[in-house]
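Letters A, B, C, D and E name the chains as they come in the text, with residue numbers starting at 1 for each one.
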Amino acid sequence: MLTAAIFIPLAGALLMLALPATRERRLRIVAVLVAAVPLMLLALAWLRFRGGGGFEQVEAVSWIPTLGARYAVGVDGISLPLAAMTALLFTAAIVYPVDLRGRPRAYYALFLFLESVSLGVFLAVDLLLFYVFFDLSIVGMYFLIAAWGHGEAARRAALKFFLYTFAGSLAILLAILALYLSSASGGAPRTFDMARLIAERPLDGPGLLSVLAFLGFAIGFGIKTPLVPFHTWLPPAHVDAPAPASTILAGVLLKMGTYGFVRVVLSMMPATFQRFAFPLAILAVVSIVYGALVALAQQHLKRRIAYTSVNHMGYVVLGIAAAGALRTGAEGARALALTGATVEMVAHGLITGALFLISGSIFERAGTYELAEFGGLARRAPALTAVAVLAAFASLGLPGLAGFVAEFQVFVGTFAVYPWLAAIGLLGIIVTAALFLQLLQRVFLGDMPERWAGWRDLSRRELTALGALLVFVVILGVAPAPLLAVIDAGVRPLVARR
Amino acid sequence: MGRGGDRVLSDLLFWVAGAAAIVTAWRVFRADSMVRAAYWLMASFVAVGVVLVLLDADFLGLVLLLMMAGEMTIMAVFMVMFMMNPAGLNPMMMVHQHRTSIVAGVVAFLGLAAVGLFGAFPVAPALSAPDTTARLGRELLGDSMLIFETAGVALLATMIGAIAIASGSGRYGTAADGSVEPPAELASGETP
Amino acid sequence: MTVWLLPLLPLAGALVILALGRARRSPAALTATALATLLAVIAVAVWAAVHASSAAWALWGPRLAPRLDVGRIGRTMVVLVPVIAVPVVLFAGASFRRDAGLPRLLALLTAFTGLMELLVTAGDFLTLLVAWELVGACSWALIGYQWRDVARVRAARDAFLTTRVGDLGLYLAAAAAFAATGSLDFGALAAARGPAFGVVAAGVLVAAAAKSAQLPFSPWLFSAMAGPTPASALLHSATMVAAGAYLLARLAPTLAPAVGWFGPAVALLGLATALAGGLVASVQTDLKKALAGSTSAQYGLMFLAIGAGFPGAAGAHLVTHAAFKALLFLGAGVALHAADTLDLATLARARLGRTITRVALLVGVGTLALAAVPPLGGAYSKEQIIVAAAHAARWRGTLVVGALVAGLFSAFYAARLQLLAFSHDRGDGNATDGTAPTGAPPSTPELASLALLAALSVALGALWLPGAASAAVWAVGAPLAPGAAWELAASLATVAMGVGGAWLLRRRHMLVTLGLPDAVRTRIAGWFGLPAVGRQLIVRPTLALANALADFDGRVVDAGVRGAVQVATFTSGVLAWWGERGVDGLVTAVARATTRLAHASRAADDQGVDRVVEELARDVGVVGTASRRLQTGLAHDYYRLAAAGTVVLIVVAAFVAVLGRQAR
Amino acid sequence: MTLPALLVVAAALFGIGVYGALSQQSFVMIMMGLELMLNAAILAAVAFWARSAGGTPKGQLLAVVVMAVMAVEAAVGFALVTNIYRIRKADITEKLKALRG
Amino acid sequence: MTMPVGDLLPELILLGGAVVVLIFALIAPRHLQAWAAALATLVLAGAMVATITLMSGPERLTFAGTYAVDGVALWGKLIVCATTIGVVALSVEWFASDPRHGEYYALLLLSALGAVLLAGAADLMQLTLAMLLATTGAAVLIAYHRRSRRAGEAAIKFYLLGALTNSALVFGVVLLFGLAGTTTFEGLHSGLARLGSASLLPLVVATGLVLVGLAFELGAVPAHAWLPDVAEGAPAPVAAFVTAVPKTAALIALARLVAVLPEGAAGWRPLVAVLAAVTMTLGNVAALWQDDVRRLLGWSAVSQTGYGLMAVVALGRSSLAVPALLYFLAAYALATVAAFGVVVVLRGQADRARYAGLVAAHPWLALALLVSLLSFVGIPPLAGFAAKLALFGAVIDAGYGWLAALAVANTVVSVFYYVRVLAPVYLDEPLGAPLPRLGSWAVGSVALATAAVVLLGVWANGLLAAAHAARILPG
């Protein structure tokens, strides 16, 4: 079933290329239908999820037995929510209307392809398979940005994205290989099997190779996350990407970095992780504060949102670092931190996804992202204003919405381990509040320039897509129990070992 | 001749032939014309052939003397006639990157001389046997058969290739006509 | 679970109101819906207060569960909040009946009530924080109600941000509590000790101070004045601002015994705010801002009582204050409506006391309560605060004297406001000359709401009755200190002095200016320049830092990567030399490399756009160009390359071999 | 006629060959340099055969192989040079620099 | 002695086939010359079948130890023959106007034979002659456009550099013979192992000289310079052949040779590592700004050589080395045929700018280009990915993590120039009329090679498992 969730979009992508290009509407409907299939399949997987710790619903076939690599997919408490969020976000992004530059087939095919590989990243329980999907996501996103981005700069930004994240992914590849090569202990054949690597932890010692492997992972995932100072690819990529691609980039692709931290580094080399947890936490806090402050200074709508991603992903990494900072003790707090980090991954996906879609709606109507150009849009677009306010407040961590559930747990959990870092990280909350309130005020409130008198409010399609995301933002904020229960199943084994 | 005198004589001959080989080799690149250079080259080969004979490799020496030297000269003259007009007898000194070349030559010489002088090679002199050449023949048709055959195939390929490239006329008129890349644009009437 | 109806009912009601608003129902219907919701809430609240009910929110999660717990002072607050909200909503429905945003206003007010209910019933830090932040966000929406006006939106933002700074304290407190006890429950706090407990106390104090507009956060209340009057009325009386004092009253019994500095800090902070706020309110010439100043001051008094160890006294004052402050604000709303201004000097000329006498009288009740004139409830609770100060463990003298002075101030500014805003004549004895009232007279629902609140203030006078004290103790969940006669006497004397002072100044036509130079007055009235200080010390530097970082982010120059650039540049130089041949080529290449390095530095430093990673990439590109130069297309150059390569190869091989030999 | 002496002579021939190959402009002259290098190899091969390989016929065979290399190279070289001279009138390396970079 | 002719069945088929094709070319009328291609294909297929039948036999040295019939050699033969079949298909329409069309295939078969022999060479003399055969054939093939100035120039450069390095190789071989007293690898293995430290200098010099000789065939530094020129100047099918086939054989030959060198003394391992590092880096940076796709592929071939050398570095230290070597060669050769095949189909048009909007005119060609170039980068699930995976794994396993890191950096750089080609193909609007295509033989070849790149990547296990079992004799 998980396999179907991964490959049905891929088949859909091929189908797209086979359909005639002229009927854009039909293409879109087919694409949306295909994109929604994984969503339903994952909902089913959610219902079947038992939460006993470890991977469930594993589907495995032999792939490269010579290298100990399998095609194996499965879910645990951490990957399931992320995969579900991914499917939801892709459906919303595909529904969202955007200028297709007369190439609808390629656009939808690429999106479905990207959905396929993104789900693959989160569902793979074989390290090599994980890497395969991880790499492919970069290629898919490159073409999305380059072909449907804004102007000539998009090419450059896309290439920069490609080169930068590809460098990171290759660093990960080396580290994966180090892990793989060390897995031969005790005469057993080498393996890429995550479950075995988690159980055996072959590279979890004080040796130089462990350190190097950790560095490889940290740099690779750090670039993808992105952690300061590896974040410089992010703003241009976002600024020049089409809105749905930005949504996916921020909502899904960034998660691959933090997911990798949890799935690989924290799970497979906890002792090494522990040695570097503090520096990592410092980087995370720097990302939090730095991302928020730099975002505050941006006068470009998308750039501002892009930098808040740096800030929010900092929370995630902080939570992960706190969870891995100790081997024993403060289990409750560390579990809370890791739970918070995972929720933040989901919440940030939904919220920032929505924010980027909103920015896309604005750009489609105005052709600009400059905050100074706007004002008072609430007059003409109450629905747009309402969703923007909701999304902005969710992003700044208002209780009752998904972001708070995440950030609160991260802070409370982290404080028990790194009180000072948690306290410094808190400052980010205030800055994000400032920057989002300012954003709302600049765009939607106050006086309206004459030129926007003909502004159209959100269309049904736009409202549907945004509504789908924001409904979950609210539900997760008010009643996160179902999500937290699932996540807890994934978190428990990670904090309660030895 | 006694054994001692034999050795002195052959040593002497070796030094003379060796010096000749080197000097003539040097003259190759100091010759005024390509034809003279070719003759100096032949002389160098002859000198080396003499050394080979002194080393009891009579067959090889003769082969080198006759076959290689002759072939070389003929081909060189042919080349000169083909390319240089008139007859390549004009004085010439066409060199480039001269200093680099000298340095490279000297380095090569010093390096290999050092190998010869300071490197330890196994000491196992060839016994002066009358059937040296016969053994070579047996080797060629025995253990090293494959090598021999490969050499033959290489010469075959060379012949075919050299003719294919250099021969000016063929069965269908001028051999080289039409021997170009396909045109970028289609001729009218041609379908892609 | 019934207790969860307290927050959920109003929230649901708010949604209904919005839906009705979209359906274009009449203002009366909307108001009625809101009122019905609130009345239902009151019913539930009474039930909950009596049963001291408690319930957890099961939908949160396995590790944390928000819990509601109606206990201690909460049992009073839970009723008080909707009770105050009823007249306010009634007033709002009437006075904004022609406003297109009425559904939004009513919905927000109702929701605000619900969130405040959530806050006062919170049984753990998580619930508290949720309510705390939501109340703040709701206040943002209320203050920015008139969103077309950028200034008001900005004011809303400032108010929200200021209180959110305080929220951080609550985050810290929650985290520290969890770190110390593994739980967020208030009940578990008692088990906590050590530095974490200090952090909890400090966090709570900061959060409470921010919400209750204590120093140095006080100025946000001025920003909050940008909101509509009913919003202010609710904000200042039973919601939002009350939250701080409520939180302290709730947690102080747990915190104060364990953390030595906590009580004195709270008391002194309260005292400072009470005095400063008194000054501000005394010199303000804007009616609502003066009232805002008085709010800070009154909550300062409550802090003082809590710090002195008697949260019960603070609780009592919280109740009485809610009643009269809501009344006063609504009165200010009527005044604004009638005279179209809030400037006291102008109002004084409008002689509202003559044109809308009934309003003036009703507001007068509130004024008397604020001035603490017995037998009104306000007087009783203020009296209790003085008594509490006299029983403080430390700083007793300061607190008592301070409290008395603060009482003097409150009597003075209460009288001043009443005399100026609702004057019968122009204050100079010339009753015939004056501007005619411009606005419409207040409608019946408006009057009714004023009357309701006035009645409540009067009714609270019952506290003076013998035996009422024990009921009060039950209601606020904390003991009151036994009073002494001299305290009452001193207190009454200060009230008399205050009112009398105002009267005298009015006679001398100095009530508006108080005879102070404009500069001094403005400075004091503007919270002693505190907002400017905040801007200079916090906002400006933050923005400057943000800009600097954003600028820096364009460059991201650090030594390591720069080193890599240099290496790359050097390599490109060497490769270029290969292509150039000879020594002069080397010189040229070095020169070029230097130029390039300079260019790179300039690019990084001046242009401010290019990142070092990009520099690095560009330098790889330069190496690429250089290495193409190596490929001259000339066969003898290939020869040279091959020859040199062979030599290098052999040298390297020899080197490696020798090393390998030595290693063994 | 010791092995070192033979090898030094071979080294000299090789060195001169290298010099010629690198310094000459004309294709034919370059080829002469290359022939000299191979000539040196033949000498060295026979020297090893006679002095350090115990007279194994492989030594002689090696010399034969080198001769074959020489012949093949010469033949192909002349064919190619003829060809390039025909189409480009090029007889020295400097004339061929269309393919570069 | 006995003559195990059966061991040479593939080689004999190739030789006999070459002769038959040659005779056919001499007697067939001009309009039937293209049938020589069919004949050549048959011959190559036959050689592959023969090779496969040999696989079931034991791995052994044959012809008195001068020739290896081991897994690596046999796989090498398969790769060479398969690649050559692809090249044959690319050549049919390309050389259609050539009056010596038929002979071309004979030479192609002979050159392939040289490569096949080189892959199995277990004797220094055999190695020298096999390389000579491969090189000679290649030189003639490069010059086959006898009216093309660029082809002639490329051939001369190829020849001159080859002759120089060949001289070095020969002298190195002679020195090794002097040291070991024999030329068979078995003999070298035992002979060199006995040497004392006084023989270090000759050994080092000999190793260096032989390495340079092989570097030419590989297209490795310092004898790489011919590769970009040939890729640009040679007939495009031949360019595909010479960038893929000799390299395959030479890499196997190098692996076989270093396996018998003493591990410590000559220090060949770090030496090859340095060679790999320099080669891949130079190839990559030089490719950065190429606007001519053929030339770009040439430089990329240089860098790919560097990657391939990584497998040699790990030889004997990692069980992944041999699988990595063979898998890389297969992946590389197939992708090369596909990439050059696209150029062939586009009638040799190689200017990057002319590829603008190719996807609109020839979507399948654009796809082939995408697949082949991304395979060069090593994007999963294409064949190049598993190749890089195995290579990186092997060198890390062998303790050469720095080489893996450098390879990673190079891979990132390489993305730049591949994308520089792909971006116009997919993102730009077409400039004018679409480029005309060459015939269906070439298209079929491209399609097959592209499909093979994908399939080999997805079902990587087949070759990897087989390669895992392959030995390299006599190491």
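Following the convention adopted for this analysis, a residue touches a chain if its C-beta (ideal position, glycine included) is under 8 Å from a C-beta of that chain, and two chains touch if they have at least 3 such contacts.
Quantities reported herein were computed from a predicted structural model and do not represent experimental measurements.
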Subject >> Each chain counted as touching chain A and chain E at once >> reply: C
**OP:** Can you pull out the chain pair that has more C-beta pairs in contact than any other?
**Re:** B-D
**OP:** Compare the CA centroid of chain E with every other chain's and tell me the farthest one.
**Re:** C
**OP:** Grab the C-alpha centre of each chain and report whichever is closest to the global C-alpha centre.
**Re:** A
**OP:** Just grab the chain with the largest centre-to-centre distance to chain A, centres being mean Cα coordinates.
**Re:** B
**OP:** Give, as an integer number of Å, the spacing between the C-alpha centres of chain E and chain C.
**Re:** 73
Subject >> Centre-to-centre distance between chain E and chain B (centres being mean Cα positions), rounded to whole Å >> reply: 28
**OP:** Take the average of all CA coordinates in chain A, do the same for chain D, and state the distance between these two points in whole angstrom.
**Re:** 64
Subject >> Geometric centre distance via CA averages, chain B-chain A, whole Å >> reply: 68
**OP:** Give the residues of chain D that touch two or more other chains, as numbers and ranges in rising order.
**Re:** 14, 17-18, 21-22, 25, 47-48, 52-54, 58-59, 61, 65, 68, 72, 76, 79-81, 83, 86, 93-94, 96, 98-101
Subject >> Residues of chain E whose C-beta touches two or more other chains >> reply: 125, 129, 132, 136, 139-140, 143, 146-148, 156-157, 160, 164, 168, 171, 175, 178, 181, 201, 205, 228-229, 416
Original post:
Counting only residues that touch at least 2 other chains, which ones in chain B make the list?
Top reply: 96-97, 100, 104, 107-108, 111-112, 115, 121-122, 124, 144, 147, 151, 154, 158, 161-162, 165, 176
Original post:
Quick one: which chain pairs are touching?
Top reply: A-C, A-E, B-C, B-D, B-E, C-D, C-E, D-E
Subject >> chain E-facing residues of chain A, complex >> reply: 62-67, 128, 131-132, 135-136, 139, 142-143, 146-147, 155, 159, 162-163, 166-167, 170-171, 173-174, 177-178, 180-181, 212
Original post:
Residues of chain B touching chain D in their complex?
Top reply: 7, 10-11, 14, 18, 21-22, 25-26, 28-29, 34, 37-38, 41, 44-45, 48, 51-52, 54-57, 59-60, 63-64, 67-68, 71-72, 75-76, 78-80, 82-84, 94-98, 100-102, 104-113, 115-117, 121-127, 129, 132, 135-136, 138-140, 144, 147, 151, 154-155, 158-159, 161-163, 165-166, 168, 176
**OP:** Note which residues of chain E are touching chain C in the complex, please.
**Re:** 156-157, 160-161, 164-165, 168, 197, 200-201, 203-205, 207-209, 211-212, 215-216, 221-223, 225-226, 228-229, 264-268, 270-271, 274-275, 282, 285-289, 413, 416
Original post:
In the complex of these two chains, what residues of chain E are touching chain A?
Top reply: 323, 374, 379-381, 385-386, 388-390, 392-393, 396-397, 401, 404-405, 408-409, 411-412, 415-416, 419, 423, 426-427, 460-461, 464-465, 468
Original post:
Which chain E residues qualify as touching chain B in the complex?
Top reply: 1, 3, 8, 15, 22, 26, 30, 63-64, 66-67, 93-94, 96-100, 103-104, 106-107, 110-111, 113-114, 117, 123, 125-126, 129-130, 132-133, 136-137, 139-140, 143-148, 171, 175, 178-179, 181, 191, 195-196, 198-199, 201-202, 205, 235-236, 347-349, 435-438
